[in-house]
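Starting off with a structure, shown below.
Lettered A, B and C in written order, each chain numbered from 1.
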């Protein structure tokens, strides 16, 4: 960390003070029930991501420390960016508990992208990427959830797909102009006994609190379903990822990286439909598929991408966030599509008891539209449209960011 | 972990999908206030148990990883087993937040038993034990709480006594046919500086969140008492277990295993009466006794059981769960027995403000019965009956499981 | 830990049982919404403080273990001390969830003081200090919040300033009669890679749950502001402490001790005004200043105090709790002072929506008085009076405690 980074941080923080002074005020409404869920997400972000990346023996302390620094910058910036999208009549941003967990989630997006390039870019580059990516993330989120009104309560598309492909796009661009030896890149990924246990602290807190992440925007029966669907998906994902890890290994041994990462893919894959899915067994199936896809990604696809395409992905975010996010997006289109709003009581997707609540969640608004103006098949199309938009924004945004680095 | 375990896991997961598809649907009622307590229990199960067992230097990563795998299987299976005990009119299981924390608690029982045999059975055997034990646990819980209507809000009997003696029974049976050298068994228990600190992560999260475990089934003033009684019992237990650890040590040094385990015995010992006990000082006394008993168990009784009876107990679950659970059971009979329903305002056990609430907790139902049909002395008898039933089910269930391994 | 400490602990625990039996009963009112916030504070106390001090390589396990032991003693004693200040008509202490988190906070004060002397006093001395200091803390808290009615929701004065200067006062007195070599004292402070990562577990859980600490006594919009002001202050503090750590270092490298400690100073510095501050940007400024002050304290002031004044401070509590607490106290006087109760809607400090709630929080009572009898400038004077009182009580209390040690 060089001296010029320090001055950049100080100037950025001063700018943030000015923007807060001009634009940000407090809201008086307070939904105290959201606070414990926010704290779970807060732990996921700082303990979860921080320690998960500490499996990199050479980056143990750095990954925890830099996660803290980077996320501390981004949460302030994200509050502003998200606030500008919904200014009050007096051109002020009203900030409440919702702003806070949404800021945490935005910082999570940046940490996902960071996972793709960790160890190969400087802290200054990470900070630049963070500020830029937050803007693109907010625009994409606004278009996807407010304009296309796609259903994505757990952020499978807007958080995981976006963060993963943005980071991968940065990674592939910087490698084009990087002469480092491939073996160097891969050697980053060495761990030891102690660093593997520290990483498990990250894994467990992500795994345990993921239901809060997928449910925080919802209320009532919808929130309960989001919690339990996520819980089931993660349990099934865990069983399948252990099994597949051994079956795909040449020596039939468990790969630590699979245990630390692939076990979490179930949380990503169920995110989009966590609140609306009324059949628990479907959550179990989606979680199982996510575990299989994620382990195959680590074991089979990643080496091919590295050797054939020079696509390096330090923490394997493509396997943990990218592909399970794609699975979630497709699953959301299928589930919405096969559901008739006049279906039988046990249809996958039906009128929701939570619909009468006062929640203004994105998912709920989207649901209302489904049962209002849109037909089921139509909504399925909008899910795919939102995925397409997200992929496009992420890849182009990442490529531009990467270009800025390499000049 | 051999290849055949993988296929067993995959087949089991497929069977679980089928059972979920046929039987499990969501409930619409949602008690959002239970969610933060569930999350505390969730952390106890995965971070608490996982890291607590990581004191075994040779099993550090395995204990965290296998806890995750084993519990992920069992929570799905326990949801089904517990659901079958209370099918809806349409032969479906209605699943809500209560099902989820009850599934976590069931997985906790299996992890307690695992502590007794860890390092001496294969993963396949652990999985077999888990599925079998869950069934016996659910039957015993149903008989004890619904038929005998014993008071046991914190599961001192149904969780801790059951889990400990089931595991010990498995342990003693497999040792009968095992030719391994005794010193081998004990050498498992080596730790080092770093593994001791990782284990303290487990200890602390169990210690801190134990009030949630004992209080989750309760509401109102009864929940508040359960929280504070548990808090006080654990604090007193901690003080006594430090003091006794040094007094019982030949070199007058603190034994790490006591700090990691015996400090928790207060949570077990107060469990049965946590909600009904109205005199905080009794909680302090019970916690103190639990600390003494647990340290004496580790320091004096365990070596005798090992050398004289070949009863090996890897993590000392007899000292942490078994004996403190027995203390709790006896204490519950005494406290219920000395209490008259027409006693003075400061009697140990009296009419409960929480009684008018809409809670359908086991403890409350039992309480109602005490002040309804049953006399205090009569209820004391039922407490002892529930303990006898639990011990019998655990020992026989464990012996049969052990026989299956060796036979 | 010598044998006589064990007997002292056993006798103390027996005395606590007697006092609980005579004085303590349960309250029936239960505010279930406070429970998750209490659990956050509980984690801060035991995981946060315990692991934060484990950066001392030679004291890793001890710091976690002794934190557990010491806090377990003090929480019981603090419940009694705080209860005696508000006995019921029947001379009983009524205990509820509020008593429990207040006991945790009192134990936090003792752990702050412990940080100043860790490694240089015996466990017996720590226990003696703990019991004595708790009494002085309760008297000061009562005088400051009930008599002077100072605003200090997050305990910047009553917890952090008091704890830090009490410990420093003990430290300076024992050094006067201590012939140990100065280099010995400083050599305590060696860490290694693994102990630094364990310490980050402590840092992160303190950092993440600090909003709960500052907000637990409040309700409604005031609680929401306390949460978000703390969140923003900590984020800004983190950015500035990273930047300043490098700028002040001779080799332009990041100092682990700054990352582990100075990042937290924002939580201390915003504590006093967390609930009343209506302008988020002020929280960002206060947090930034706290980060700068704390790093300068570690990097520049501490070596001077050590070499010139023989004032040793093992964990640097002066930099983390002392000076940021002074900043908070001065800031609270300024913010209260510049605010008119008839000010414009965007004044820093104005009529509070939470004022009509049924909360009996210290801060709220103080606020009511401000808008009742007291003028803004007058309240500013009382803030400074409370700070003066707290400093005096802490320094004299600590000096007497230190004298008792040295005979």
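Going forward, a residue touches a chain if its C-beta (ideal position, glycine included) is under 8 Å from a C-beta of that chain, and two chains touch if they have at least 3 such contacts.
Here the structure is a predicted model, which is why all the values come from computation and not from measurement.
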Interface composition of copies subunit A and subunit B: same or different, split at half: different
C-alpha-based rotation, subunit B on subunit C, 0 to 180 degrees, nearest 5: 120
Interchain centroid distance [CA atoms averaged], subunit A/subunit B, Å: 35
Two or more partner chains touched - positions in subunit C: 36, 194, 201
List of subunit B residues in touch with subunit C within their complex: 33, 36-37, 40, 193-194, 196-197, 200-201, 204-205, 207-209, 212, 220-221, 223-225, 227-228, 231-232, 234-236, 238-240, 242-244, 246-247, 252-254, 256, 259, 263, 278-281, 284-285, 288, 346, 353
For the subunit B and subunit A complex, residues of the former touching the latter: 1-3, 5-7, 9-10, 12-13, 16-18, 20-21, 24-30, 32, 35-36, 39, 42-43, 46-47, 50, 54, 60-61, 64-65, 68-69, 72-73, 75-76, 95-97, 99-100, 194, 198, 201
